[in-house]
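Read through the structures below before going on.
The two complexes that follow have chain A in common; it is paired with chain B in the first and with chain C in the second.
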Partner chain A sequence: MSESIIEESILSRPTYGTLKIVPGLAHYFLADASGAECVIRVVQELPRDMMEKVHILYVPTPGEAALITSLYAVGAKRFEHFPTIEEAVAKLGDWLSDAKMGTQLYLAGTEGLVGQGVAKGEECGLDHTAVQCEHRGSLARRVQCVHCKTMIEDVTTQPVKCPSCELLLFVRDHYSRRLAAFQGVCINAEDPTEEIEIKEVFK
Partner chain B sequence: MTIQFKDESFRGDFSYANSPSNIPRFPFPFPEDEYMYSTNIEPHHAARAGSPFENAFDVDEHYVAEMKDRALVLAEDPGRCQALPHMETAGWDFVELVMVSKARDYPDLFKLTIDGDRWHWINKPLQIDDTFTFGDSSTLPCHPMEYIGRQVQGDHAILDQRDGNLWLDAGIITAQADWSLDFDVGMNFFEWHAPVPLAHELGVFQRALKFLLTLPQGQPSRRLNWTLTVNPRLDTSPENYPKWGPDRMTVTPENIGEKVHLRVELQTFWRLPRSNAILFPIRTYLMAMNEVVTQPKWARRIHRVMRDLRPELVEYKGLSRYHPILVEWLSQFDDGAPTSPGIFPD
Partner chain C sequence: MSASDHLIPVVVSNVVEVNPIIKRFEFKHVNGDELPAFSGGAHIVVEMLDDGTKRKNPYSLMSSPFERDQYAISVRRDDTGRGGSKFMHEQVRPGMEMKISAPVNLFSLDLRAKKHLMIAGGIGITPFIAQMAQADKLGVPFELHYAARSVSQAAYMDSLADRFGDHVSCYCDDQGEGVDFETLLSSQPLGTHVYVCGPKGMIERVVETATHLGWPAAHVHFEHFLAPPVGEPFEVHLAKAGIDITVGAEQSLLEAVEASGTPINCMCRGGACGQCETAVVACDGEIMHNDHWLDEEQRASKQLIMPCVSRFRGKRLELDL
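After this line comes the complex of A and B, so read on.
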């Protein structure tokens, strides 16, 4: 999978780098199927005795098994996989609650996964300099409806209809790290009769 | 000084209006005949008796009605008041600053008696008479920021300072010009200003941040910001955009003078002593165009400012639908005569 290119945008919109192992006492990884190969790439370069310090959480695409096998094969101290980002991030929180100084967190995959991993790391008191992110895969966005506060996952269209309050939302580039979400604001609030074409834009 | 507090509304029948004597003290935001962003910060010194710059926290005829509107917003949406866990000390700094300032500046309205850490606070306009232990939040009915935020006009954000940046880590925000505290809480200075066009490129925020990071205690600063709002509605939050957005469709050449309001924010900046945070009050003043044009200097100037406003700002401030008819309507009050410098009426 090729590296994704995110166009230059406003200052609250996150940008991402490339995962690289830095010195640390423990290395925690969270990835989805798009980011699995990033984890394999960096972990494979580690000396064998370092694997005692590596902990991996993974969210596979439903029905996919090959990457689970590959990730298992890298020989991390702990490897667990979960069907949803939510469950994997909750587990990351459990792991980080026991983490010590010198912990490094590595996140790889779609923006929703990376964003929720960053928010969990921050919540658990990790300094932002101890968190690395690599974006891979779709540019689908996680969006908070500013009106009813519903979180809408995997948004690929502009605008998007809120499944809860049913308002048609313009997806802004304004991004909250705490919520791990872009902001969705009603696009035709001034004139609700206005017809707006829905286009696939976040691919 | 006695203030007659008005019984009025900022929603529904929109009975809000300025008394004739209140109009000349409006903080008109344009010192010149043209407008562009600038880091227009000046010391928050007492200036001009009777002006909104005379006291630390200006109290005017709208005080009681504004506090009622805030209570309505918070009852509907408690997320308008949020503080991250490390912001409690800053909340107490805010309590102290407001109580000490108001008791000093308006002794007929507010009274503070301090006996060690036992504080006795009387707020006559809101009929509050409370005794509490300073620094002990269990002796207040709510978070200290919320307690005092319900008693002072204007929205209040509290900015934590660390890593060479300011972080929007607490706020009580019920009268905002289209930004969401719930979304922005926890953001740094550049992140929460990210949606503002042009200003980043002009270096406005870099300069403002540099200034604010070194803001000393006891030397508050202020600036004015502005937009236009249809109807005198305080709560123009993004949360409620579907409620106030349609108002923009209702403006006609016939009703524009009463419908369109100049909305001015008197923003002040205060270094807080215990937390080292910055208190950022955003005090909103509303005045109908019919009231603005009663002052000939303001009438001429606002026509010129609106006529020459950059298209990006027309769009960002949400004026597009009625901007042309506003400029046309204002032109009848502009005879082309020169205007005097500064914001005060002649």
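After this line comes the complex of A and C, so read on.
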């Protein structure tokens, strides 16, 4: 999977770095299939005695097993995988509720996974400087319809139709860290009959 | 403009000898008015008129932020200092009128914290007494670890233990007790903020240990007021005012500038807040940087000075004042 290229935009639009181990009492990782290689890259370089401090959560692509095997093989103290980001993030919350100050969180993969991991970390009391993010894979967005508050996952088009209230939404770069979602605002509120071409732009 | 320009007239309502080296002073507004609101960790500047010399020293408020009819501070006597604490101990009596600044807080609780971990050394206990009253009322978990040299010097140790029970752990050097920072800082729940006030060595050990364990800098808070050190008198040229002033041996550069009637910003008067940062126009000699504000690079550049605590030795110092 190639490295992420995110165009410069408004300040609200998150940008991401490259995972690098920093001093800490414990190191928690959350990744999906596109981010798995980032986790393997940094964890493999750790001395064996550090593995006692490493905890990994993984969301595989359905049917894929090779990366599960590779991640298992790095020898973390805990390794668990879940079919959905939602379940993995909930598990991260369980783990962090027992965690101590000095904990570092590393997130790698698609923006939906990274954003939800950041929000969970913050909810659990992690300072943003203790959370590192590396974006890999699709630029598909998690979007909140600002009108009916429905969360729409994996949005690749501009505009997008809200599956709940059926408004046609312009996907903004305006991002909510709390909700881990881009904001979708009705694009044809003045004239709902206006026809707007839907293009695939978030690949 | 500075916080100490608008002073509040107060009357000393009580003076209590806490132990042989520490006295508590209580102040009420001369008119009996409510004093300005503050939050735990705030300090006031107390103006002392000592036989022709005007001193302004910062002291943390230890009274509850929820009681505004009076303020309380505690002062540790330092016989080797410039005389501010000695003046407070020897000259200040109940009924005396004094002037204090409005409170300023450079050491406030971070209200996003899931828990407040407070570490005090000696007289560094005072801001925590106000903070604990605040945290207790807010219902946020907190824990105080209070270290002192000896039982007899440990101001308020018994009363705090009575008042806040299990929240308070005490350590006395003369009993062979000490805080194990590594263990303490390794066992704090996520979302904890740590606050330390005490001797320089204690602050350094807490900050170093926390950093080494992976605590984010934003969760580590400390306050260390410096008393302006005494030294050799020196001459300074104030470029804008076009005057030369002399800084006396027991006077700070800030006090000498103020005495000349030249305007200067300031707030904490203890090398911590950064308000009095002043540009150096010319310097032929050595600046004794005594503050916690400038970094190594800024100090080496000889282009900035903190007049509240720093001094000069050499041929000529010219400031942009």
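What we mean here is this: the second predicted complex is superposed on the first by the 203 of 203 C-alpha atoms of A that agree within 3 Å, B and C clash if a C-alpha of one lies under 4 Å from a C-alpha of the other, contacts with A are read in each partner's own complex, and residues count from 1 in each chain.
Assume a residue touches a chain if its C-beta (ideal position, glycine included) is under 8 Å from a C-beta of that chain, and two chains touch if they have at least 3 such contacts.
Note that this is a predicted model, so its numbers are computed, not measured.
Student: Going by the contact rule set out at the top, does A:Thr84 touch chain B (first), chain C (second), both, or neither?
Tutor: neither
Student: Identify the partner contact of A:Gly125: answer first if only chain B is touched, second if only chain C is, both if each is, neither if none is.
Tutor: The answer is second: A:Gly125 touches chain C but not chain B.
Student: Let me test your reading of the model: by the given contact rule, A:Arg178 touches which partner, first (chain B), second (chain C), both or neither?
Tutor: In the superposed model, A:Arg178 contacts chain B only, not chain C.
Student: Taking the superposition as given, does A:Gln44 touch the first partner, chain B, the second, chain C, both, or neither?
Tutor: So A:Gln44 meets neither chain B nor chain C here.
Student: If you stack the two complexes on chain A, which partner ends up touching A:Thr61: first (chain B), second (chain C), both, or neither?
Tutor: The answer is neither, since A:Thr61 touches no partner chain.
Student: Touching A:His147, do we find chain B (first), chain C (second), both, or neither?
Tutor: first
Student: Would you check which partner chain A:Thr15 touches, where first means chain B only, second means chain C only, and both and neither mean what they say?
Tutor: After superposing on A, A:Thr15 lies clear of both chain B and chain C.
Student: If you count the residues of chain A that each partner touches, which comes out higher, chain B or chain C?
Tutor: Of the two chains, more chain A residues are contacted by B.
Student: Using the superposition on chain A as set up above, list the residues of chain A that contact both chain B and chain C.
Tutor: Overlap of chain B and chain C footprints on chain A: empty.
Student: Which stretch or stretches of chain B touch chain A in the complex?
Tutor: 79, 180, 182-187, 190-195, 200, 238-242, 245-246, 248-249, 321
Student: Where on chain C does chain A make contact in their complex?
Tutor: Answer in residue numbers: 114, 185-192, 194, 210-219.
Student: Which chain A residues qualify as touching chain C in the complex?
Tutor: Its residues touching chain C are 22-25, 96-97, 99-104, 124-127, 129-130.
Student: Would you pull the chain A residues touching chain B in the complex into a rising list?
Tutor: It is residues 10-13, 144, 146-147, 149, 167, 172-179, 183, 185-186, 189-192 of chain A that touch chain B.
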